[in-house]
Structures are given as C-alpha cells and as structure tokens.
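Order of writing sets the labels: A, B, C, D, E and F. Residues in every chain begin at 1.
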Amino acid sequence: MLKVEKRKLGRNAMMLVLAQDSEAAGVLNELDQLSWKHCQGKVGSMELQKIVAAIETAAKRNGVVESGLYREMHALYHATIEAVQGVTRGQVELGDLLRTVGLKFAVVRGNPYENPQEGEWIAVALYGTIGAPVRGLEHETIGLGINHI
Amino acid sequence: MLKVEKRKLGRNAMMLVLAQDSEAAGVLNELDQLSWKHCQGKVGSMELQKIVAAIETAAKRNGVVESGLYREMHALYHATIEAVQGVTRGQVELGDLLRTVGLKFAVVRGNPYENPQEGEWIAVALYGTIGAPVRGLEHETIGLGINHI
Amino acid sequence: MLKVEKRKLGRNAMMLVLAQDSEAAGVLNELDQLSWKHCQGKVGSMELQKIVAAIETAAKRNGVVESGLYREMHALYHATIEAVQGVTRGQVELGDLLRTVGLKFAVVRGNPYENPQEGEWIAVALYGTIGAPVRGLEHETIGLGINHI
Amino acid sequence: MLKVEKRKLGRNAMMLVLAQDSEAAGVLNELDQLSWKHCQGKVGSMELQKIVAAIETAAKRNGVVESGLYREMHALYHATIEAVQGVTRGQVELGDLLRTVGLKFAVVRGNPYENPQEGEWIAVALYGTIGAPVRGLEHETIGLGINHI
Amino acid sequence: MLKVEKRKLGRNAMMLVLAQDSEAAGVLNELDQLSWKHCQGKVGSMELQKIVAAIETAAKRNGVVESGLYREMHALYHATIEAVQGVTRGQVELGDLLRTVGLKFAVVRGNPYENPQEGEWIAVALYGTIGAPVRGLEHETIGLGINHI
Amino acid sequence: MLKVEKRKLGRNAMMLVLAQDSEAAGVLNELDQLSWKHCQGKVGSMELQKIVAAIETAAKRNGVVESGLYREMHALYHATIEAVQGVTRGQVELGDLLRTVGLKFAVVRGNPYENPQEGEWIAVALYGTIGAPVRGLEHETIGLGINHI
C-alpha cells in the first residue's frame, strides 16, 4: 500500500517541476525530512539523447544514483524513458518529427511503501513545453516515470 | 507565447488532479475567475474504453464540450488519448497486459495564449495508480494531453 | 523499377476503394486485362480482428490467395496489418480506444515490376470512416499495405 | 454527417496525389468551386523532418494555413504526422531504418460537414514509394491525416 | 562487466526454452550449481493477459519471485512485457489482430555481474510459434526480457 | 506444419548466435546437410541503420539473398526489422535514446515446412548486449524475425 500523502514519490517529483517561485520550498522541505535524495534541472533540445543525458548527469552529480552501478543506472534509465513517453505521446522522437522541448526535470528517490522490504523507488518528472522550433508555437507537456531501484 | 503563469492550461489541469484536501479550492477559484470551463472525476478500470468514456461523459455533462459537435468531441478525444499515453507509457493497453488503473481526471478548457486568435484549447490531466489487479501492487502514474478546440 | 502507371498495384487497389458509382469499372477492366486477381468488400466493426477476418475471407473466397498455403496467408496478413496502421494511425486499436470504423476494402494481386523474377505482390487498400460509436462523429481514413507473395 | 461525395475532404486530397496527367484538373476544379484552400508538392528524403517541413512550407506559402497562428500549425502538424504513420506503417522512422521515400503530397482545407458549426477541417494526403536507398528497390505507400482546424 | 559465459542470465534462460529432449539437463545443472532460481512452463493463448498470468503464476509458485512483494512483481512484470515485445514484434496484441501463440517460457533469477553490488537480475525467455488460429499457419517466435530485481 | 526439430528455421538461426566456441559446428553441419543458405557476423553501433546495413551486406555477400531482386531484399528487410524489435523492445531506436548494442547476427534461409509449396523462408537472429555507451553498463538482448521469401 502507498504510504500517506507526503510519501507519494511521483506526486512529490511532479510538484517540484510544477512549482512556481517559492512553492518548491515546501516540497523540498518534506523531501529532506524524509531523507529522500533528489535533484532538479532544466534542459531544452530537439535531441532526445540530450534530455536523457541531462537527467542522468544531474542524478549522478547530486548522488541520487551511483554512477558506477549499472543496477541503479538501469533503473533511472527506464524511469526516464517512461517519463519521456508522457512528453512525446506516441512517437518517442523530437527533431526527427521537427519538434523541440523545453523541460524542467526532477528526480526523487525514496521508499514510498509502508512495507520496508519494498525498498527504494525512483521517480523522474518532466514538465515544460513541446512544439515547433519557433518561439511560441508550443504547448505544455508532462511525463512521469517510476521504477524500483 | 504562453500567457502568465495562472493561464497555463496544462498546469492548472494537473494541479486539480494532484490537489489534496482543500488545495483544489485555489485552482478552482482561479479557473472561475478566468471563466474557464472545467470538470473533474474519478475512474478505475482494466478497460481503456471505460476511462475514455468516463472523461467524455463528464466533459459533456459539465458543458466543457458540446456533445453534438464532432469538432469538439474530436478535440477532446485526441487530448484524452494523449493523456492516456503518459499513463500507459508504451503500450496503450490495460487489461490485455494484466494491469489496472485508478485515476483522478480533470478537463479544463480555456484560452491560454495572449493572441486572442489562438482561441480555445483543451487539457486532459490524469493522476492515480497503475499496477496489477491486486491492491497495493501499484505505483503512481500521470498523463497530460492538450489540443486546440 | 515500377512498371507503367497502369501496373501500379497500390494505386489500383486504392482507386477501387475510392471509386464512386461507375468509376470502378475502368479500374476493374484494367485489372482483368492484366489478369490480376482482385476482390472487394465492406466491413464495419469496433473489433480489429473482424476487419482482418473479413479481408482474409474475401481474399480466400475469391481465389486471390490460396487458403491452405501459409506462405500466401502470411503475405496477406502482413499487408492487412500494414493497411490497418494507416487507418488507426498510432495505436492499432479500435474498441479499446472507444472508436469504430466503416471501411471499403480491396485486395489486388499482380506483378507490378518489369523484371519477371520479382514475381507477384499483393496490396490491401482500405478507405472509409473512423470515429466515435455515434453516427456522424467520424472522419475519413485510409490505409495501404503491400507485400511480396 | 459527411456531406455529399464531392465534399469528402480526405478523398479529394487523396485523389490529388493519385491523379495522373490531366486527371487532377477535375478535382482542382471541384475544390475551387467549393472555395476550399489547397496545395500540392513533391518531396523525397531519408529524413522525416524534411517531409514534415516541406508540407508545412507549402501549406504556409499557399495560404492553406496561417503561419503565425499556432492553432493552425498545430492542426496541420498532427494531420501530417498521422499521414506519415500510414506511409511508415509501424515505426515512424526512415533513414534510421535505412529506408527512403519519394512522395507527392496534397493539403486540402474545407468544411466537409453539413452542420456549419463543424467548421473547417484539414487533410494531408501522401502517395509515392518507400524502400531501400537504391533505385527500384521500393514499393508504393500511402497516408492520410485529418484534423479539425 | 558480464561474468563468464556460464553466468549469462539471458543466454541460460533462452537455452532452456530452445532445449530439446535431454538438452535442458545441462543448463539446469549449471543453474543449480550457481544456486540461481528458475522455472519453466508452457502456455498457449490468443489473450496476452493469459501469457503474462501464466509466467507470473509459475514464477510465484516456484519461489523465483516473492508474490507479496510489489518490488519483485514489478521487476518480473516489466521483464515479461519486454519478452512479449520480441514475440509480437510491433503491435503488442494477439487476438485483436487475429493471431495466437503457443510458447515455452523460462524465468531465471541470478547475479550475472562480477560486482556483487549489482545484485540480482531476472530474465524471462519465450520461444514457440505465432500465427493464425489454424494449426500449421504459424512460424517461430522468440522474446527475452531482462530487469534488475 | 513445422517439420521435425532439425528443420526449425528460427531455432537454428538462434542457436548460431547463442553458440559458444565449438558449439556452432553442429548447427552449421545440420544446415549444410539441409543445403540451407546461411551467414553470420558481428556488428556494434548506436545507429540502427548500421545494424540493418551490416546484416544486408553479409546476406548479399554470402549469397543468402540475391541483391538485385527487390522481392528478396524486401523479405530480408522485414525479417531484420522484426528481429530488431526484439532487441529494442518498444522504441525501435538506439542512439536517440542514448543506448548502444553489440550484436552477433545470423541469417538462415531454408524450407521449414513439410508442404513443398510453402517454399523458402528466411530467419534473422540477433543476440548480444544493449545498454549505455559505457562498457559494462549493459545487459543481454535477443531478437528473431521470420518471413517468407
């Protein structure tokens, strides 16, 4: 069973990327109280691999995952690809389909289940815009991927 | 160009489904001030068509779309399918892959762009859990679809 | 190299399903002059398997393919699935996504290439409407699949 | 309900790309009588984005869509991607899968429904060849996308 | 780095389903020497969910995964869906596309990497036939999914 | 009906890529006794088109297919793309998703069915590793495609 509201991994990650101005402080405070690892960043590109790489690099640099451990990189990778599917909705492609994204991302790692044996899980949240490579010809887009780690 | 923060169509729809307890009141208040149409609901099923139908029915009953107008139903339909892609991440199937969802949904219709000629757009936001048809064997999932209407 | 215009397999199949009233006569005449096998039919359903079965049955009954030969059924099957992908555009699903189709179909078998060693090929063409299971809430849709046989 | 035969948006767009020699004249005449906007062109590439860009550019230059209006570009974009799915049948990729296309395209914009409130819709039709990047190792391919605009 | 040949998780799982008569004995002996958990079974169906359920049930009954632990069921589920993608090649559907499968499956759980911190991984291997629901109109098919657990 | 074990086209192709050291000799001997054409090779890349090209080139050079005949190249192409789908499991992309493969491949052409009219079929088997472009951050992957030729 999912733990109480404040331990919802995906919701917390999504609130970080949706937060405006000072709103993120409350979420970050909760995450720190839970001792959950997390990181945030921004990335814009027509190349999907740059989105994947930016998230990976931020997660490694901030100690959310251990870079030398394939097990952890594998968990993060699949969570990232799942989040990207929410953003691209159908064809997991950007530049090849003549579109670009500008995204905020957040990665959160914690133990969201009551049973301690369920261990740690990781969430990748994305929020921003997708559209033509012309300023303003774009709309919002969101994605969330969750995996055991 | 996207209008100021409070006019972000997708963000508003997503905040409605992520809201806990009294949090939704603020978003609903903003939507009413903007005179944007909206509706919310819950649906759980192993059958995708029931998810699609629940959203469609709620949007029609609450006057967010006009049911007799194919143009509007077409816009809502594609926004819904795009949101479902974020939820299912890869294979747009539930029961056939032995999984089920429990979702909150919100549909918001408004004019998010500064240029009045951009007219109305519609957002469908989904948030809840996806997993095995066994209570507790599930994790969070999110989807957002946006279309011109 | 593709032979002259009149030997274009896919174009001929597509013209059969697009033909109105007496227009088909010209195409059928050309196909008979070429001694190319062909059949036509109509099918409407929310179930994809009924579309696939209707095409298969018509092709077998009209001698376009030999039902006992897996080689021929395999060629027809893949041409059909490819045509269905044009009709469904993204998710190869109908009822699960709460939509239905009403289609005309044509299957044409012939030798469209100048080199006689290229042998026979088969085309499956689809044209009709796709939309909500409500009369009128629908738009046109098209698909074409081609395979060696 | 779809209007009479001559107002079938998708069929008209498809007839333009299938037309040989003087056949297009009849269709163009009908489109002009209906005061429907339209354009045609040819494009060949191993890069999908060039296909998308060629259609977009032709539609803007010929006044079929208004380039500064995201609403219109969004409608055209999705109609184009749907047409491309008929052409690629499964994987929306060309060069990455070592294949290339040579296509005729047509974009038609009009009001195909009897109810004037249904407003304008847009169709993108594609017809040509797909195959290996070697002359002659190719077969025909077709795609049609339709959207409200 | 992947360990020596005999510790190749995917290869071992695949050899189990490809084995004829007495050939499996050698693989099973190696797996037992490594103290790797494993199970095998057969399943035939036009419904994907029955394939997924059969693998899940066998893995639980044979103690390859712990049924009460979502973490383990989640790892097995995704490995299974990945294996099914190799079997279905494109559209993750069976009966809806009028086709059926007859499959042998094997699930193997072990530690294939030299670094002990990489921990346990799980492989799902599938081999059998796919085709029309008519005996003999079928060809071979294979799938392999691997996940950290 | 599929012929006896030794004539299983897909199994033979898969055994060739799974074989270690001297194991392949037995399979090759069987293939030669059956007078079945075959070839093997290795390819590693982040670009899918290089995988497709390597298989195509090897099959042509070893006379498994006749390069000037589109019919044969078309059969091989689709078998290859189907095998690649087992390897990529979901998104038929490598570098765009920041991943790379190192693969052994085998192509086998023969007549696996008892009925001589079923003629020749072709199998493409792939086995190797997929993962991040960092040595060791990878796991095994498999794919098999079969087509009539």
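Methods note: contacts are C-beta pairs under 8 Å (C-beta built on N, C-alpha and C of every residue); 3 or more make two chains touch, one makes a residue touch a chain.
Bear in mind that the values here come from a model prediction, so they are computed numbers and not experimental data.
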Each chain counted as touching subunit B and subunit F at once: A, C, D, E
Chain of greatest Cα-centre distance to subunit C: A
Where subunit A and subunit C are represented by their mean Cα positions, the distance between them in whole Å: 44
Chain centre separation in whole Å, for subunit E relative to subunit C (CA means): 36
CA centroid of subunit C to CA centroid of subunit D, Å: 20
Shared-contact residues (touching 2 or more other chains) in subunit E: 70, 74, 90-91, 93, 96, 113, 121, 136, 138-139
Subunit A-facing residues of subunit F, complex: 91, 93, 95-99, 131-132, 136-139
Interface residues, subunit F side, partner subunit E - complex: 1-2, 5, 8-11, 14-15, 18, 20, 82, 85-87, 89-90, 112-113, 121, 123, 125, 127, 129, 135-136, 138-146
Residue ranges of subunit A in contact with subunit F within the complex: 47-49, 52-53, 56, 70, 73-74, 77, 81, 92-93, 96
Contact footprint of subunit E on subunit A as seen in their complex: 69-71, 74-75, 78, 113, 115, 117-119, 121, 147-148
